[in-house]
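First the structure, in the form of structure tokens, and then the observations on it.
When the chains are written out, they are named A, B, C and D in that same order, and each has its own residue count from 1.
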């Protein structure tokens, strides 16, 4: 059986490279088109791209010619790792041309008919695609959340279902790779912590989970009514965002009950055995000093969120630490899982 | 005028070395005795000690002979950087022999008649010395708080006075030097974050500020009635503990009002112009990405706590970032300031 | 076909854990016995061991009971990651009981009848096993070199064969994992470089390659006559030793010629397609800023040595940078490859 | 006595900031003019500059208005921290207008009549100023070497005088601050080493010491005849370049003799007691694991080069480790010392 051809938008960037790496031996998808800025267009991918992941780009992609992002593309399915400065218009235009654009960019995340999707959490939001298609005539955009939000929303989802989440405090310790390349200057982070991340990071963390954990009623998103407070930090770690979380639940639950609910969490990707779905979307760790980015970020091939130190909290009731691999489950990996769900549901054009 | 002779207990350890470094050119105190474990006793300090701070130990101390910690000491004033495994009994014994023991160790911090002192915050707690002296017959112990607590309590003190602090959430990103030497193995922290610190770190942060910010009534400590929740992390930074703080005040106050109160904070050390007192105990930074450990830990020669990102909080009302140099203001420096206050008040034996 | 049962000596240590990780899905070998110090003996492996590699130990090993290192063992093949303070006697005793001890420890490396083996470089040294067996009555010890030496000797081997190596200068930048656990204290290496490594590191680098690159004549090792000068440094990198190398050749060769010879290097493991043999033992990188530990250490699943910046040298003639994954190709991985070669040659008891 | 007014070219850059920091309380010089690119001109320094050193810029400079670099300047003495893309022409023009330009930039270092000056090493090279002045009519340029070269040349100078240096191999481990800001991306250096530095770093290290250690005969520089081979690395350290050095001497000398000569090294700055001159230009450390950047870079307020591990070398005869604070002794600090020597010799216009 031949694979589904896919194109990568922003293929030379940090997220684009992760797409290409994670799709290297994908059972369903095959990268046949790579698009980037005008500066790169016309070159072979291996020349246009400074590969910053381990090793070298897959041979099958290294020889592809880079095109610009306005197409035309023969792939119906396009993954977008475009910079937010250009993603908005480019993605809209390509959806208008009938493509399924599965995007990691922030531009369309909060659009009224665009799913902000984590397949284990809100697969029913895919119904918004039908609304979009009426507008576009066939193509559509599906987005995934901000890298921290993916981890946070996954940890909150089973608690919200079981007990109702009213309020969340979250303090993040975010990895360098979250800023792309060149991102943070080494002189700014060496022997240091930066208690700030630009681009509205805190605002995204405070708003995106409400859409994700909310309902889709009559084709319109009704955000969950929880209050979220986020304080973000950049730390000198290559990959893996750590989050100290505090949660107030509607129906009180102790640490053991919360742990059970988190550990038992499964979703449609696990039922359908999607290729990128980890066996366990959430892994509950019991050692008192876990999760740790270097030791736990690669669980489930980077697709599992680790949760540990679940304990009572004097202020909000429950607290725990969560960890997400920010460029796999938090970016390219979740986008690929989104596309797998689209394919499994027969929603790809 | 001749200087006051002082001795250092635990002189070869991490805190002991900081004592010796900070006292190198002190205008009032002169290190004339250095005590450590049996293993070191009998050697010259330069042989007994593997100096781990920059440069080399001061010549005046390098040639001193190391003694054991049971004395006798001719110095009435003893600084203790002893490990908590031995500090309890040793300090009690020395207070019983008439010494003023100014200790950084945790053992006696919560004792009923021992001040847990930050000179700008609770100098009136020194009245507990009179109670102690009745018990010991002359000597006494004065302790300083845990390194994180020093920074937290200093940031809370002016807010508590002005508005009343009801509840505090604090997430720490703590430096390596807080664990002493050898402390954390490099393989455990390289490219990593550890969401745990042993020795009851979270419990100390949740309890010590209540004593510090509480009252001393009729010779007995009445702890402040605030609730504190702490989640601690070790990060790969040499010096400087960063703390994300969330505060609920009795009387609501906006960020500007809080900033004014914090910036205006002064105490007895500033009034008395004590040698180690910084001009400003708290410096309020307005750049949106500060404080940062590498850039701000040395403000006021490491004795100033930096506070930044003061802003409203959807959960508790007010949030901000605080930074303390954990081995100076958070340990040896605050202990020296404590001793300076004792001397200025005429309380040294 | 059932797998060959193997035991791990020093199974809870840093090298022991790597053995267990790398053998997790090995096609020929299966870990059925784990031995460690008296302190660990009697516990299940998952309790005895603080697993410091990513994730968790394989389930099949986690449940094994830990024994002491004096046996008896039913496995004929034993991998040793023992600390050098005990490895000497333990390994001798087990060889005396008929075991094939494949050791990463330094104790027997320079013994007169013990091969110091890198399968691609000196497989003919295995003939020394016959000499040993006469001594022991059946069992034997095979060692692999020091972690830096593995990388250095592999890079030198093809040059030595083609041109003759007369003199070598090497300056190393070695990773933290080379020191085991706890190894280097984080406070000693944070924001720092240490220009020294204990345990005779420089001496090993200056002597072991001569044995490896030397001949075995009439059952006796005749070391290669090259002069080696090593200056070692510890740097704050998790895995991967970088080496700046300077080489004087008997027959002069330019950078292109050297690169060709290095890139063409293959050995018996490649011919025999041993399970752990990388396709290319040496990969020559042409980008002017490679090899780099984070990007290149995992080439060939950590079994490939990367060489780059091959250029002329005004002093010795030729210079280049080499990189070896110190705990895989430089330790547990090479030992496993050694055992695979023993099995392939029919030398296992 | 009023201070000598000075201007800073490239005042907002990394080197410019160090100039301003080091000149904050200088006894002879006072910063009264700050110049930078067109983008900064017209703003107050505190607005134009993102201060990246600890704390904040001195108040006396923070309020100065930034001008462009083409002047006019009332200060006769100008320190240049200009980027090499513009330094060449700007410095030539300002020398032509009668200024003494004391530059850290590389552009004019190898000019036939421009001293490449380290005051302790080659103060007699200042005679080239007379040659320059004939050309310019009064103004002149004095440069200091590349940051690594300052440390290397200082360590070589006393050996060269005493024994004659024939050949040098040097492998560097260079700090992040050497690349300015933003310099190296954090994602490129985290958990990594980069065996390359752009801008011709190796070539500078291989050529500049020959000019510095050479003679000035009849107004022309005669470079020293030594061969130098350099291999450079960037490591994840904030400040302090470490260098593994190998030296072949004309007249053989053992480690003890070399150590004596290095420790005894003094120069004109020490004789004249120049304000920035350290008591000892070179400090010989005897501990077997020193020098280390974090512990030794600040010796002599960053103006002392530390040398350790002096020992015999099988290849070249002598080897040792040297450490230089790259932005103080290796850049702004040595430039200030150069200007102090100019003033002391009466050479300032």
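The rule is short, and it goes like this: contacts are C-beta pairs under 8 Å (C-beta built on N, C-alpha and C of every residue); 3 or more make two chains touch, one makes a residue touch a chain.
Not measured: the values here are computed from a predicted model.
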Higher-contact pair (C-beta pairs counted), A-D versus B-D: A-D
Farthest chain (mean CA position) relative to subunit B: C
Separation of subunit A from subunit D, taking each centre as the mean of its C-alpha atoms, in whole Å: 47
Inter-chain centre distance, subunit B versus subunit D - centres from mean C-alpha coordinates, in Å: 39
Multi-partner residues of subunit B (each touching 2 or more other chains): 52, 190-191, 236-238, 294-295
Contacting residues of subunit A [partner subunit C, same complex]: 52-55, 190-191, 238, 294-299
Residues of subunit B that touch subunit A when the two form their complex: 167, 169, 171, 173, 190-196, 206, 227-229, 231, 233, 235-238, 242, 244, 246, 288-295, 308-309, 313-316, 319, 321
Residues on subunit C engaged by subunit B in the complex (per definition of touch): 14, 52, 176-177, 179, 181-191, 236-238
